[in-house]
Amino acid sequence: MRKIIVGVMGPGDNATTADLDNAYELGKRIAAEGWVLLTGGRNAGVMDAASKGAKTAAGLTIGILGDNDTSAVSDAVDIAIVTDMGNGRNNINVLSSDVVIACGMGAGTASEAALALKNGKKVVLLTDNQESQQFFTSLSPDSIFLAASPGTAIKFVKEILIKHR
Amino acid sequence: MRKIIVGVMGPGDNATTADLDNAYELGKRIAAEGWVLLTGGRNAGVMDAASKGAKTAAGLTIGILGDNDTSAVSDAVDIAIVTDMGNGRNNINVLSSDVVIACGMGAGTASEAALALKNGKKVVLLTDNQESQQFFTSLSPDSIFLAASPGTAIKFVKEILIKHR
Amino acid sequence: MRKIIVGVMGPGDNATTADLDNAYELGKRIAAEGWVLLTGGRNAGVMDAASKGAKTAAGLTIGILGDNDTSAVSDAVDIAIVTDMGNGRNNINVLSSDVVIACGMGAGTASEAALALKNGKKVVLLTDNQESQQFFTSLSPDSIFLAASPGTAIKFVKEILIKHR
Amino acid sequence: MRKIIVGVMGPGDNATTADLDNAYELGKRIAAEGWVLLTGGRNAGVMDAASKGAKTAAGLTIGILGDNDTSAVSDAVDIAIVTDMGNGRNNINVLSSDVVIACGMGAGTASEAALALKNGKKVVLLTDNQESQQFFTSLSPDSIFLAASPGTAIKFVKEILIKHR
């Protein structure tokens, strides 16, 4: 039977220390809930940190790679989906996630938040970037949830899953 | 020899009257410059208006359709590229454009602006949506150009083409 | 650490009884080896039968869906990857598989065998369709393995994994 | 108004002299009919030869590139569509073509012929590769047209356009 998938999207090389800490904690909590973690799969930034967090709690981790092979995959990814689509894979990331958490902000993460909204998904923002909070809330107030900590983010995910799945 | 392509991205069903007027004028001016117009191709909103504008100036119009056939294509599209990729085609829209103009704002348009920045493209914003102006400028100040009219947008496109192509 | 993924590709609505029996047996044996099963994910034909076989041996099953939601997913799929790319997802199917088994034959399966070869993957053909055996062998003799039974197919997969992963 | 697009698919680096001659002639005749030529766009093999042929007859040429930039585009391509999808762009090639001509044979070309059939398109085969003729005819006898020369291929395209567009 189909498992619940929670996507954690965030910067790769430009992730801040806070983003990495949050991502690790999110991964751990997602795994502890019995959900599957989905990320962009590379061995960098939020993708890598979230996957590593999930493995500490014996979670299952999926990485949707933009590459055409697995040379850049995180060691903490169990299932590598190889798309060879570059940033085009961002739409697959959000479509495959029951809920999307944006952890940190950047152009790639912004594209994933926007694609999630366009596809009718709920998005939890875990970032102190105020411009992004204001912008995405203005785009779709009913679908954006602002979280100040990984714990609050997970609480929002639970509420969303109860109502929408 | 490869022609210059300018992409005009904007809302479909939720376009405002101002968006439609701007899109029509952009299409006309893009064609008048001898550039090819690229849009999302549907017979709705900014895509349709920009394509119609371009045809009044004998321009060539390309539509990158998310559908798997051409039933929803704008009458003003000359070349329909059928992707069957839904919103996944947004990455193709921006990669294929030498410069991207976001005319109006919405979740789909936001995803295109963000994907353009992620792929290293310059983006001209033609919208009075202030949250989007602030957000995208904060993401990538050197790559975002705020235009208040179609004329200014075209002026920015010319400057970008001179420097970056 | 990344798990080994074996892809089983085959007809949906046009699968023969032999195809379905073979797919079920392949799924069972793939799971018994500790490999992850990857299919096109729909609740039809070879995709569904292979996934059901894998679940009888407590395997993990991935479905790469061409749809934009999970309404047509097989009950026996654990992880649904939603691409909204129609047949465009066939390239992802083969890129994500360490080895591809074509079980039965049809236009979709042929596209997957051809894309696998184009991407440098090995392909095991389990079909009595002689035209396909002759054609794919002529295309790439070193990369095509003709199997007459699920057991032989699995033997080939083992040999390929030893040499190429 | 939407123009008729004829796709010519064939080997890149492994094209034979006969394939190149046929592709050039096909491009010329497609342009002479007033149709738009669509290819995979690279400066190699059948893609390049067909595009060059079309330009001798003042045709319009589209190249659907698998790359993420235009560095490998043929000089004879007017409109470069940049997908960054590698071989995943093959599905877009066939969906965007009103009729597909396979000129020569190889794994990539085979994937395009198969994807065309899967998507309900008609395919003209211009190749002396007998295994491919037999295989694709067996897959879909009503949708495969075997041509021995560019002239016959164009005749088939005309018949198909009259019946199916």
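Note that the chains take the letters A, B, C and D in the order they are written out, and that residue 1 is the start of every chain.
By definition in this document, a contact is a pair of C-beta atoms (placed from the backbone, for glycine too) under 8 Å apart; a residue touches a chain by one contact, two chains touch by 3 or more.
Everything numeric here is computed off the predicted structure, so don't read it as measured data.
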{"item": "Minimum number of chain-to-chain contact steps, subunit A to subunit C", "value": "1"}
{"item": "B-D compared against A-B, more contacting pairs", "value": "A-B"}
{"item": "Whole-Å separation of chain centres (CA-atom averages), subunit B against subunit C", "value": "40"}
{"item": "For subunit A paired with subunit B, centre-to-centre distance based on mean C-alpha positions, whole Å", "value": "28"}
{"item": "Shared interface positions of subunit D, touching two or more other chains", "value": "68, 83-88, 91-92, 119"}
{"item": "Residue ranges of subunit A in contact with subunit B within the complex", "value": "85-88, 90-92, 105-108, 110-111, 114-115, 117-119, 129, 131-132, 134-135, 138-140"}
{"item": "Subunit B contact footprint on subunit C (complex, rising order)", "value": "68, 83-88"}
{"item": "Residue ranges of subunit B touching subunit D (in the complex, touch as defined)", "value": "1-3, 5, 36, 60, 62, 64, 68, 70, 73, 75, 77-85, 91-92, 95-96, 119"}
